[in-house]
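See structure below.
Think of it as A, B, C and D in the order they're written, each chain with its own count starting at 1.
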C-alpha cells in the first residue's frame, strides 16, 4: 500500500444521503475507496464517518480537495479533517523517570508500526536522556515545580512549535498540565493513565486498586482535557490480578498494560481513526 | 427502532465507485441508511458490504427492491441478499442430551435477544423434550444410528421444510451430518464446536485439550460444511485454565463458553451481519 | 469425589511453623489432604490458608474436629471456620424483575455446579414467581417501599431463619439493605453489581458507563457491607464495547457478564474458597 | 525481600502426610515459609509442591539442605530440585532476525523483572548484533544450514557450557534443534511459538491462521522436546482479530502476544514456579 491515500474524517447532523454524497465526491473525481466506515449515534443525532481513498488516479490536485469537499460539507454543517498518508505526523513524547512506555514506543517506531516522526522528547527529569538520544530524538530536560510550571509550559510550547509537533504523547509524564496549555494543543495530547478509568482517578492508582481489593486492573489512554483524567477515552485494557499480587506486582503487570494501551491509542490516532465528539470517541477499525 | 428496515449484503469484485453506487440506490429512492459497513479484501480482490435502511419513506415497494437492485448488481457481478427486519427467521435447534446451550438459547429468545421464531426442536434423544415443550416448541425425537442415518435425515429435511425453517442451530447435537444434507441447507447450519478450532477437531476435545496440557480452552461457532469442523468460523472465545482444572472442570468452564459463543454467532447471523466468502466470514458490527 | 471432606479456612498473624502445625493436625489424625493452599499477606502480617481432607479414615469424629483444632488455633490467635462437604449450604436468592441471573443460577443448580439447596426465593415484585416455583423453590413476594422497609426486613429475616438460610444471593435485587440487616447476615450476602467497581457505584451504571465513553464494561460480585457497593470483592470480569454499542447494548452485554461473575462468586463461596480479611478477599483456587 | 530464600520443587506419588512431612522439615530447622503451594493430580496419582522459605535463621547450612531433604525424599520416591534465590540463573537468548522478543527481554532484564544474568546471545544471522552488544551480552553469530547444523550445534553446546548457561530462550530463533541437542538441555529450552498450540504447528502459523479464518490468534511458550511444537506448555495467550486484519496485521498483533507470553514463561521458570510432569506443567502462582 505504498500508493499514498487521502482520509476524510467527517461528523455532521444525521440526514438522508450522507453516505451517497460523500462517496459520490470521491467517485466523481475518480478515487478508489480502500476504507469506508460510518457510524450513526442516534442519541446524539450525529453521523460520523471515515473514508480513505487512493490518490493515484484521483482527478483533484491535493490543494483543491479540501476546498472542493468544503462545498459539500458546509450545507451539511459538517466538521471535517483531511489527512494525507505521506504527510508524516510529528510526535513529541513526554516522559518522567519510568522508561517502559518510551522503550516500547521506540521499538514500535523502529518496527514501522507508527507512520510518524519523533523528533523531540521532553522530560522533567534527566534520567531517560540516553535512551532518547540513542533513538535519534532531541531530548529536552525541562524541570518543573509548582512555581516554575507556567514559565516552563511556555518553553515547552515554544519547543513544540519549533519542532512542528502535531501530537504530544504523555508516556508516564506524571505532571498535570495547565488548562491553558491543554487548550493550545486541544485533542492533540494523548495520556496513558494507569487505571481503568473512571476508577482510581489521580495519584497512585495501583495503591488505590490494591486497597480496594479489585480482581482486575486496567489502563486507559485518553485525550487530555482540563478536567483531570476525564478526557475522551481512546482505548482501555485490563489484566487479572489475585490476592497473590501486592502493589509491586500490580505495578509490574500494569506496565505491560500501559504500553500496549498507549501504543494502540497512538496508532489509531496516527492512522486518523479516532473521531472525538462530546466526551466520547469513535475509533474506526 | 420499530420502523422496519431492509438490509442488503453484497459481495463483488472490487472496483471504483461501489460505495457510491450502492448508497445512491438507497438515497435516490428516499431511504435513510442506519447502518453501512464495507470491507475490501485486497488479497481476494473482493468488496463486501452490509447496508441497512429504514423502509418508512422508501419509495420502492418491497417486491421491487430486489429486481431494482439486481439491475445495479449484475454489471458488478455481485452476489447479494436482501432481508426485511420484520420477516422473522425460523430456527430449528438440534440437541442431544446436554441442555446448557438449549437453555441459554431459550432464555435469550424470551429476552428478545433473537428476533426469530423457534418452532421446532429436533433431538436424537428424548431427554430434553420437557424443556422444549415448556418453551412452546415442537419436539421431534428422531433417533439416529449408522444404519438409519440416511433415512432419518430425509425425515429431518421433511420436518425442516414443513416448518419453513431458515436456520438450523446445532446446539451440541453431537452427530455428523451427511454431505447431502449439508448441501441442502448450505450456509444455514451453525454448529458449536467445543474447542478453539482448528485445535482439537472431532470427538472429546476437552479430553484432548487436557492431555495436551493447554493453558487456555476455547469454543468455536461455525457454518457446517462437509469437512468435519472445518467450515467458516463466525465466532470464537476462550477461557483460561490451569493445572488445577481436570477434564470435568474443562467441561464445566467450556459450557459457559459454548453457550456464549453460539449465542453471539446466532445473533450475528439473524441480524444479517455475516457474509461468507471462500472459507472465511466477514462479521459486520 | 463422593468421599466427604472437611475444609478448614484459617487466618492468623504470620509466624513460623504454621503450615507444619496445621498439616500435622490433619496427618496425625490420619487425614488425606486433597487441597491445601496458603497465602501470606506481608503488608498485613497475616497468614491465610485453606486445607481440605477426606473424612474417610480420619480418626477424629466430626464433632471433635472443631474443639481439637481450636486447641491449636487459640495460641496462634487464629480465626477459623470448619465446613463439611456433605452439609449442603442453603441459599436464598433475592430478585426483582430481571430474570437473567435467576435463570442462570437455576440452570447451574440443576447442572450440579452448586453443591447447595435453594429453598427460598424472595422478591419485591411478583414477576418471577412462575420461574421460582417451576424451580421447586418457595417464592415470597415481599413488596418494599421507603416506609415499609424496616418492617419488611423483619419479615425477610424471619423467613431466612425459618428456612435455615446460610447465604443470601442478591441476583439483581436492586434494593439497598439496612445496615442492621447486613450486620445480621454479615459476610453471608453476595451481590452482583453491574459495573467494574469502584467505577460507577450506585444506580444506572450502564448509563454512567455510556456517558463516560468507556471501551470496556464490567461486573463485580462482592459481599454486602453497610457502605453501598464497597464490600469485599470476590470476582470481576469485563467485556469490550465500542462506539457502536448504545445503552441497550451495554445492558445486553452486561447481562452475560453479570450472570457469569455472580455464578463464579457463588460457587467459590459454596466451596469455602473465599476468605475475607479487612476489605479484601483471598479466593483460593 | 532481599533476604535470600531456598525453594524446593517436589513431585512424588500421592500419599498421606506429604504436606506435613515437607513443612516439618522446614519448621524443624527454623525456616520461615513465605510461599507454599501444593497440587494433587488425581488422574496421575501425583503430589506436586513448591515451597520457599527464608534462609536467614535457617539452621542447616546450604550445602546440607539437599542431603538432608534427600533423606525425606527417598522413601517418598520423590523427584526434587533445590534452588537458592541469590544464585542467579544464566540465560542464553537465541534469535534470528526479528528483534521484538529480544528487545522486550532486554527491557525486562534492565527493569529487574528477571532475576538472572544474560551473558550470551546466539543468532544464525548477524542483524541483531548491535542490540545484543548494547545490552552488554556477548553476541555469537553462528550461521546454520542443513549441512552445517550438526557441527554448529556442537559449537553452540560448547558456548553454552563455556558460559555456564542454565536456560536457553528461543526468542524467535526459527530453527529446529536436533533431538540430540534437546536431550543435552532437557527442560532447559523455552520456545515461543507464534500460534495457539496445538493449532498451526510448524511454519507460517499466521498465514495458516489467516487462511483458516480464525477470529482469535494466540501464542504459546513451551519447553522444547524432540517432537516439533509439542513440548510441555508453560503459558499461552490470545488476541481477537477480525476480517479487517490481513496477514501483516496478524503478525503485528502477534508480536505483542509473543513477547508477553514468552516473558511470563521465562519469569515463571526463573522463579522456579514451573514443574514439568509427563507432557504437562504445573505453574505455581
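FYI, a residue touches a chain if its C-beta (ideal position, glycine included) is under 8 Å from a C-beta of that chain, and two chains touch if they have at least 3 such contacts.
In this text the structure is predicted, and so the values were computed from the model without any measurement.
Counting C-beta pairs in contact, the pair that comes out ahead of the other among B-C and B-D is B-D.
Between subunit A and subunit D, two chains of identical sequence, the interface residue sets overlap for the most part, with shared numbers making up over half of the total. Distance from subunit B peaks, on a Cα-centroid basis, for D.
With centres taken as mean Cα positions, subunit C sits 37 Å from subunit B. The distance from the centre of subunit B to the centre of subunit D, with each centre set as the mean of the Cα atoms, comes to 41 Å. In subunit A, the residues that touch at least two other chains are 42, 242, 244. Per the touch definition, subunit D reaches subunit B in the complex via residues 39, 41-43, 196-200, 211-216, 218, 232-238, 242-244, 246-247, 278-283. On subunit A, the positions that touch subunit B within their shared complex are 16-21, 23-24, 26-28, 30-38, 40, 42, 240. Residue ranges of subunit D in contact with subunit A, taken from their complex: 99-100, 103-104, 107, 111, 113, 134, 242, 244, 252, 255-256, 260, 285.
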